[in-house]
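Got some structures for you, see below.
First chain A sits with chain B, and in the next complex the same chain sits with chain C.
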Partner chain A sequence: MKTNSTSAPIPTQQVKHELRRDVTVWGSFMWGYADVGADIYVALGLVMAYAQGAASLVFAIAGSIYIMIGFAYTELSSAYPVAGGGPYFTLRGLGDFWGFVGGSALLLDYTIDIALFAVGSAGYINFFMPYVIGRTPESFVISIGPLHGINPIWCLESLIIIGILIMVNIRGIKESSVLNSFLGAVDLMAESSVIIFGFLFAWKPEMLASQWKTQFPSMHNFMYGSSLAIISFVGLESISQAAQETKRPASIIPRTSLTLIFTVFIFAVSFSTLGLGVLPWQNFAARMGDPVAMLAHTIPYIGLIAGPLAAILGATILFISSNSGVMSASRLTFSLSQFGIISPWFHAVHPKYHTPVRTIVIFSMIGVIQTILSFLTPSAMDTLGNMYAFGASLGYILVFIALIKLRFSDPYTPRPYKVPLNVNIKYKGRKTSFPILGVIGMLGVGTILFEVVLTHTIGRIAGPSWIILCFMYYVWYRKRDGYPVFGSIKHDWEAEQIEVLTSAEEYDLLEQYKLALAERDKKRKEIK
Partner chain B sequence: MQPQVTLLGAIIAIVFATSIGGLLWWMLHPPAQIQPAVAKARHAVGAFKRILVPTLGVAYSEKAIELACRLGTEQKAEIVLTYVLEIPRTLPLDASIPEGEAQGNEALERGKAVVELHDLIPILRLERAREAGEGIVKVAKENEVDVIVLGIRPSWHGGQNIWGQTTDILLKKAPCEVIIDKLPG
Partner chain C sequence: MRKVKYQPPGADYKISIKDYYQILSSALFLIIGTTILVRSLQNSIVVMALLMGGGFLALGAYRLRFVVKYFRERRKCSPR
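Here is the complex of A and B:
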């Protein structure tokens, strides 16, 4: 499949793929889990504050949509095991312009990742504040003129965390698969223990029922909460990041990503159900900074240890997630520059440390600005989550459209995993399976985007403004380099796919792919 | 907080632990890796989209048809069945030989029944040639087949040519792979 060309092709030597690491099944799973598994530490308090007695339902609804998104990512990541993620799939399916839109939405999310998880990490550090300095973090809240509820200490802590991340990333660090695996495994056990012990010894079904019955949110809050719940699943992109660096991704990724999707879904629904059966939702709303640690602290037998342990794990794992925002922004800009979506200028390396210094500084500084501005609003976490939801839902819609389009435009690439629920239809004389779930998922994410625009005052202005800003840059860059703005640059996807499958050591798929291409060429010859 | 155990809570805890444990177990048991040579071999057979089987309407020919069908089932291959009517050099190639034609059509119809049992598409060709081998090669070329499956007679009387003339021509001139199936004599 070749995209229509309207301009000079990008030199093939420019499109190079990174060397693959020998990431194991467990390592691949933990890579994602360290990223996505951390989300509940931030999302629990935030969603509870709006979804109130219906928090479990909200997590279940958002989670169901997330599962469909996960299915789409699993299919695309195992079929195209490269690190570009959503924007890459969009670019392949829909062309350069939509690839740019998906890329800019994701870039917005990575900058928010940096800010949101730095704020979250600082929130869990603050769990120890009363024990260390004898004051609660809330006691530092001040008002400046018309702005109320500003917490300068929490803001400062978050900025220090981002500052540390900028420094270590400029000096150059390697994402440690071993560290991720270790922390992820400890976190998995700790979260599981809290849930199991919580349901066994602390959970009161009558309390859950009472909150459901008497504390059901208004429609506005329900919609707001369900659109925020999507942040429990931040980091889906890590599935495709892992694909790039895992051996035999087509065999491994479907298993690790499906396990990741369902694990995170089970955790999100379990934590909210447990939380509502143990404490009033107002407690979580009041402790948005460290809701999991607070919940763990109340569990009989293990609370004394589980509370501080959850706080330490929360602070650490959210720090790593914030760092993955910095690194992912850098990976994404590299990927986008390879395909002529943004200038390679972004990827210039530091003369001494050989790290992509411009990307690190620019996108981390955007994270800094977002952090400062969010602390000027009544709830920093809420504001950041608000903006995140816009970027994520826009990016996911494009991924769903790309999924459907690629089933038709690139039926030759073998798909070791397919989104379930397909109907076979004839298209250009060839049997193609149309993904019904792709359409349902697209409508589901579309609903979330609609909710965001309808209910998120900041998200509906800041999100589109960011995309417009990026579009202005895109037009300038593409015109300057003689590339079409709405058209696509010529890409030799077939050669690239062969290269990708060979480097992934997916020989079975490689043979399938070559066979499908040979068959197609034979048919074309027959027609001629 | 005072511990409080409820039946529902205990059930949820067990379901939770089982679900997470089950998911992790499934994840940690992926299929084994396929080596490049194995993958090539696997897909080389998968590449048989059109299979030619010469038939004489005898048992070993029909077994070859069955074999071809099983080779082609997974990829829904087309099965080209041919009966080559050998015309003596003393007669023109288009000479009428009603008895031979009837025998050929009967053999092809029987072969067709075997193919249809497998839900595959049969293509029937009654070919005229001076030598059966030459006729088979011609059909193979015209139909661009990927492989020829040839059943040969089980008996061998100790002569030098174990294959017979048809097989010999096929092995020398066939434009594609040839699979020979010889029943024990």
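Here is the complex of A and C:
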């Protein structure tokens, strides 16, 4: 596909860079942790249901791929500290069309994010249902004609949560970084306590061994489980969002994101290994709504408190994650509209509250539709996770390709952090480091996407359908405004990069960048 | 190109509550790692259990290395 630039008029809205804050390493870490750390609360039951006795292996495999994705995001976010995240890197590396594809994949994920985490949050609230009304959530399950296993109460709770989020976001209540930090810290300590006490007092290695040997899943279930496991690591966009709003991101972001990546990885693998050594996988499959609370409740000594605490934390942190889906959809549409990928119509603000009301309502309503439809299937969480994996894996593949491409097309931008394992090669007379790990990561995510297409009956239809729907809009919008569909609008990336580094107060990087550009211009003059 | 490299804190650095938490969790990683390894080897050997135990042990040891380094540095600088 050609991505050559044309000289069509640049969209009228110019890129604006907000004021940055002094966010500490800890604050920045907690920002990401509140987002990515929540995923295990949803993924544990879901993955256990399919990966069965091999759940911990599946988490380890998906986690290894996620670590490589994390490396790529760390490099790109510290080099290009803007909130656009994956689609911005793709747009910059591969052009407008692929930026649009990455953007629409991520937008799909944000709408599912709203739905899935709202359903998850309601699931953890339901932990208390037997103690409050004396009935389990499963007792409300009904059948409507050919549709079985419908839980109207759980669905209603999820819709109420989304409704609250819509109202809160339209009124413009800001996500508090203090609240995020507090909740993240409490969650970190609670999860650590469950793991420590669990491994010391409840974990039975013979049970893990027995499940590993006798309950190993079929190939189909293994593939399905490993592609679902990737959802326990989704939310890396928060790294670039943190990078956009942090002063001196080059020194903060690499430390923050590497710590975040490994912490989340350790928790995911530990919880699954602990879970399989404490309870049969069938217990987790039966309690997809609140698996972490159920596990915490069975730990000796602390279980009585840890169970309800994990349920409260799960409900709260998933509520915040669902909210981040609403907020991130607004941020993404704003970023895409700035680069002429979608119309600025989406970003019209509310006359009274000055919030992006159209984006909030449109994408939250898509989340509402997804929630209702998912509850008409045998397992709402499974259906939503099914679609989530498609968007995530497609977006991540494009990020890897952009990472490799940008090493060649933009070698002048200083990279405070580089993905490990590089080989130096000569390209156009200039020494360029080629990221081997980028290729391995791309193949890894490619395998996940292949598994999604092969095993996810809903994801393989709904995912591409969403992209096609967005593409139809993209063609209409680009043709209407006179922009090329497959080509790119001319962007002045160098001026943009100078502005970004200036606003980030990365003056030494700015100097290096200007020096590299000057050297390049000098060489070009000499050749002429 | 500016490299972001970890700089161990100097001897005059004051240990905060967060640092104490990290030291404690690192020590616990060592204990958990050892427990997992020993119990797995005593019972049935599963690859994932060995990886988990080994991982915790290595991570705990790696993190405690910095703590030991810091205390050594502090002892060197402190007046006798």
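By our rule, the second predicted complex is superposed on the first by the 518 of 528 C-alpha atoms of A that agree within 3 Å, B and C clash if a C-alpha of one lies under 4 Å from a C-alpha of the other, contacts with A are read in each partner's own complex, and residues count from 1 in each chain.
Keep in mind that, in the parts below, contacts are C-beta pairs under 8 Å (C-beta built on N, C-alpha and C of every residue); 3 or more make two chains touch, one makes a residue touch a chain.
This structure is a prediction, so every number in the text was calculated from the model and none was measured.
Colleague: For the overlay on chain A, clash or fit between chain B and chain C?
Modeller: With chain A aligned, chain B runs into chain C, so clash.
Colleague: Please work out whether A:Ala209 is in contact with chain B alone, chain C alone, both, or neither, and reply first, second, both or neither.
Modeller: Once the two structures are laid over each other on A, A:Ala209 reaches chain C alone.
Colleague: Check the residue A:Trp476 against both partner chains and state whether it touches chain B (first), chain C (second), both, or neither.
Modeller: A:Trp476 contacts neither chain B nor chain C.
Colleague: Is A:Ser56 touching anything from chain B or chain C once the two structures are fitted on A? First, second, both or neither.
Modeller: second
Colleague: In the superposed arrangement, which partner chain does A:Pro300 touch: chain B (first), chain C (second), both, or neither?
Modeller: first
Colleague: Examine A:Tyr507 and indicate which partner it touches, taking first as chain B and second as chain C; both and neither are also allowed.
Modeller: first
Colleague: Mind working out whether A:Arg248 is in touch with chain B, chain C, both or neither, as first, second, both or neither?
Modeller: After superposition on chain A, A:Arg248 lies in contact with chain B alone.
Colleague: So which one touches more of the residues on chain A, chain B or chain C?
Modeller: Counted on chain A, the partner with more touching residues turns out to be B.
Colleague: For A:Phe29, using the defined touch cut-off, is the partner it touches chain B, chain C, both, or neither? Pick first, second, both or neither.
Modeller: First partner only.
Colleague: Between chain B (first) and chain C (second), which, if any, makes contact with A:Leu515: first, second, both or neither?
Modeller: Touch status of A:Leu515: first partner only.
Colleague: Once the structures are superposed on A, label A:Thr263 by its partner contacts, choosing first (chain B), second (chain C), both or neither.
Modeller: first
Colleague: Considering only the stretches 6-14, 114-122 or 132-140 of chain B, report the one that runs into chain C.
Modeller: It is 6-14; the other listed stretches have no clashes.
Colleague: Would you mind listing the overlap between the chain B footprint and the chain C footprint on chain A?
Modeller: The overlap between the chain B and chain C interfaces on chain A comprises residues 26, 192, 195-196, 199-200, 203, 205, 251, 255, 266, 270, 273, 277, 508, 512.
Colleague: Note which residues of chain A are touching chain C in the complex, please.
Modeller: Listed in rising order, the residues of chain A that touch chain C are 26, 56-57, 60, 192, 195-196, 199-200, 203, 205-206, 208-210, 212-213, 250-251, 254-255, 266, 269-270, 273, 277, 414-417, 508-509, 512.
Colleague: Please output the residues of chain A touching chain B within their complex, sorted ascending.
Modeller: Answer in residue numbers: 25-26, 29, 192, 195-196, 199-205, 248, 251-252, 255-256, 258-259, 262-263, 266, 270, 273, 277-278, 298-301, 303, 505, 507-508, 510-512, 514-515, 518-519.
Colleague: In the complex formed with chain A, which residues of chain C make contact?
Modeller: For chain C paired with chain A, touching residues are 1-4, 6, 18, 25, 28, 31-32, 35-36, 39-40, 42-49, 51-52, 55, 59.
Colleague: Residue numbers of chain B touching chain A in their complex, please.
Modeller: Spelled out, the residues of chain B in touch with chain A are 1-6, 8-10, 12-13, 16-17, 19-20, 23-24, 26-28, 30-31, 33-36, 38-40, 42-43, 46-47, 49.
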